[in-house]
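Both of the next two complexes hold chain A, though its partner changes from chain B to chain C.
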Partner chain A sequence: MTEEALKDLLYKIADDLLILGHRNSEWTGVGPLLEEDIAFSSMAQDKVGQSLAFYDLLHQLGEQEPDTVAFTRNAEQFHNSQFVELPIGEYDFSLIRHFLYDHADYIRFSMLAECPIEEVAQIARKLKGEIKYHVMHANTWIKQLASANEEAHDRLQNSLNEALPYALGMFEPSKFENAIVEAGVYPGEQAVEDQWKENIAIVLEEAGLNLPKWNTLEPVFGGRYGTHTKHLQPLVEEMSEVFRVDPTADW
Partner chain B sequence: MSDFLNSLDPRINRLNIPAEFGTSFPSKESKDQFVTFEVFVQPKENKPYQHEGIVHAPTIDMAFLFAKEQFSRRGMSCAGVWVVNTKNIQVSPITENSEDIYDFIHEEIMEGAVKGDAEEYEIFHLKKRGKQHIHLGKLEATCVEDALFKAKGEFQEENPVLNIWVAKSEHFLKIEGADFADIWETLPEKKYRDAMDYKATEKIKRFKAEQNT
Partner chain C sequence: MYGGGQVFDSSSVNNELLKDEDPQKLAEFEARIERGEKIEPNDWMPKLYRKQLVRMIEQHGHSEIIGALPEGTWITRAPGFKRKLALMAKVQDEVGHAQLLYGAAETLGKSREQMIEDLITGKSKYSNIFNYPTFTWADSCFISWLVDAGAIVNQLANARGSYGPYCRALDRICAEESFHLKYGHHCVIHLATGTPKQREMMQEAVNRWWAPMMHFFGPSDKMSTHTQILTKWKVKMATNDECRQQFLDMYVPKIWELGLTIPDENLKKNKETGEWEFTEPDWEEFKRVINGDGPCNKERLAVRRTAEERGAWVRRALTAKTKGEEYVAPLA
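Right after this comes the complex of A and B.
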């Protein structure tokens, strides 16, 4: 496997984390209750911190400084799935996205924890516990809200229906998919997706939410190689606004 | 029951409803806020749990979600979190002038107490005003008064205890142990969550010096 293939993998993981972390931080100060506001903001901060671990590793592999990578690229240079760049919507959508994303991430990190590339395995092992709590948070909220009343249940169901095609976009195969799997880096996106479908189905069934038949859904691909929605560029501009005031400043 | 113990739940006292132990609090038709849960954090393995504060939540599972991020997020270690509905904690009076609350607890406290099957109770001490309640341990008792009386035998110390909390073990949600060890692992590294980690003094001095030249 080439270094290019490894970088491709690291970039998509890091960019997903950075963009979703930034998106979720938009709830800071306006969360549904104070305690949840703090919890959700804290997890958003975790995600940005997790992205830094991968940007640091990319820097060791010859890429630019993490700040440069995070704050000076345009939307089409990002490798995140379109799923994570979608606006936060109402809380039901943000919760569903958090649920669908973190289940996938937990599986991916669990697999990468066994990665033969020790630097990658170390990061995955270290951060897996944070994501485990994120999954606990998501599961508890989804089950609680889905059984709260009809409005809450219907809102979650609608958000789930809306989110699923984009969520499947998380598993867009890499250009280097075969090489990565053959090298044993991790079992690959298809394996993550299969496990993800099993895991989310268990929680959704408990919550009384319906999963449509998978073959009726068209995954929204493209994000991994620069095709994004109109929502990403404004996010990137806002995220990098302070940095761009003085790119040489020492923070 | 003796009137020695009171509910910790402020809504019970504020509403001036007799907090008869063992009777359930009449529920309001519509609630204007979530109930509160008390949060206890174990800062390190083998250290006692200590009270950190409260969270509002609709259920005990959600209380844990909130407790974890309110009370174990800033650059320190954590080995476990317990949450318990505030109404499930019974609280003794608070003493003044370094009197030991245990000196007011005698066998008479059992008069009128309704005994049940032996169950486990958790005991917490407040040793100094303004500090947190610290977990001392658990014991088996047939009712809360029995737990308090037994606590005197087991946990009374040389230094006075100002206030005691008693709660049944079964009412706690305890997130701890090997199954959860990994969720706290990176906490000590999150110094960036503390304002103290942003060391700006030198930079401000340098900036001011630049401005003056």
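Right after this comes the complex of A and C.
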């Protein structure tokens, strides 16, 4: 496996975390209740902090400084899935996305915790603990809200239906997929996806939410290759608005 | 975050409320406060005391949640990981302060829902300073450093007050505010000692925010009357002028040290009296803004109202879950 393949893997993980953390931070101060406002903000901080851990590792592998990488690229240079760049929508969508995303990340990090590349394994082991809490948070809220009343149930069901094709885009195989699996870095996206389908089905069933047949869904791919929705470029511009005033300045 | 000024307008202190209090209970209550005891939620207290405390703690809570907005809009634009992470944590803390304070006010019998309702209908006030816009990153840095510094001056005073739950909330809040102040100070130092563009941004922010900052502590003591009883009950712990003087004494030298100027030619410390002298703030403007006609009042309340409306289904779902269970006031 080449270093390029490893970097590609690290970039897509880091970009997912940064963009979703950024999105979820948009709830700060306007959450549906103070407790959730605080919880979303705290998880958003974890995500952005986790992305930094991967950009740091990329920097050690010869890539530019984390700030430069995060705050000066254009949308097509990001390798996040389109799923994470979608606007926060209503809280039901953000909650469902949080649920679907964190379940996938938990599996991916559990696998990466066994990675033969020690630097990667170390980060994965550390972050797994944080993500475990995010998963618990999502599960609790999904179950509680979906079973509370019809309004909440329907909102979550609709958001789930809307989110699933994008969520499947998280598992889009990269051009280095085979090399990475063969090198034993981790079992690969197909394995993550299979496990993810099992795990979310259990919670959704308990919550009384309906999972459509997988073969009726068309995954939204492209993000891993730099193809994005119209929502990413404005996000990136907003994120770097101040930084770009003078990228060489110390802020 | 909290400006003390608007809380104690004299019209709110209605001594009529005191007339039918049991004189003996009142005397015992005052003796306890005199001895430095804390009043707890289930203790006897005069109606006027309860009313003033609810008003004060509630407004403080509102100031935290509204105060999250002008800085919150900069989270998505903060330059670099370090600032982004720190600002996220800071604004999260402010929301946490609102939660703590609403909890403390609830111990006096007003529900959080009612408080938020009074906020978004404009019935209840919040710190005037958040009715001004944050045009640039430097404005958010000014708030993090100096508005939080002003809040600490107020809050440290109030933390010595007589109502137990409020004091305990303030102890926690002040500990976090001092981190905010450190963060804000670092941000301002970087701008003030940075590139010409950064210095200009910072100076412009100081120019914009100085007048609201002087208003922050409320009208001059000469203008506010009838607060003796609140002082005696240790509801009000320092006068507006005392807080303002303390703030100027602690922070004007630090601002000047950074090579920034303050847009008031008359600002100087009188060596003989030890007091700061300054151009009298425009109290008409203060009144106009506090009564709803500031640059951002409508926007701030609209954002809050929209947030409440968008989140209403979540709260409805949660109450559907707990239907039949009795409302439990928080332990403070």
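The working rule: the second predicted complex is superposed on the first by the 250 of 251 C-alpha atoms of A that agree within 3 Å, B and C clash if a C-alpha of one lies under 4 Å from a C-alpha of the other, contacts with A are read in each partner's own complex, and residues count from 1 in each chain.
Throughout what follows, a contact is a pair of C-beta atoms (placed from the backbone, for glycine too) under 8 Å apart; a residue touches a chain by one contact, two chains touch by 3 or more.
These figures come from a predicted structure and were not determined experimentally.
In the superposition on chain A, contact is made by A:S42 with both chain B and chain C. After superposition on the shared chain, chain A has more residues touched by C, the comparison being chain B against chain C. When the two complexes are overlaid on their common chain A, residue A:D250 makes contact with chain B and with chain C alike.
When the two complexes are overlaid on their common chain A, residue A:H137 makes contact with chain B while staying clear of chain C. In the superposed model, A:G129 makes contact with chain B only, not with chain C.
Once the two complexes are laid over each other on the shared chain, residue contacts for A:D67 go to chain C alone; chain B is not touched. Counting contacts as defined above, chain A residues 33-36, 38, 42, 45, 49, 144, 250 meet chain B in one complex and chain C in the other. The residues of chain A lying in touch with chain B in their complex are 33-36, 38-39, 42-43, 45, 49, 126-130, 132-133, 136-137, 140-141, 144, 250.
Contact residues of chain C toward chain A in the complex are 65, 68-69, 72, 74-81, 83-85, 88-89, 91-92, 94-96, 98-99, 102, 137, 187, 190-191, 194-195, 197-198, 303-304, 306-307, 310-318, 320-321. Those residues of chain A that touch chain C in the shared complex are 22, 25-26, 28-38, 41-42, 44-45, 48-49, 52, 55, 66-67, 70-71, 90-92, 144-145, 147-149, 151-152, 155, 235, 238-239, 241-243, 245-246, 249-251. By the touch rule above, chain B contacts chain A in their complex via residues 34, 55-59, 61-62, 65-66, 68-70, 73, 181-186, 190, 192-193, 203.
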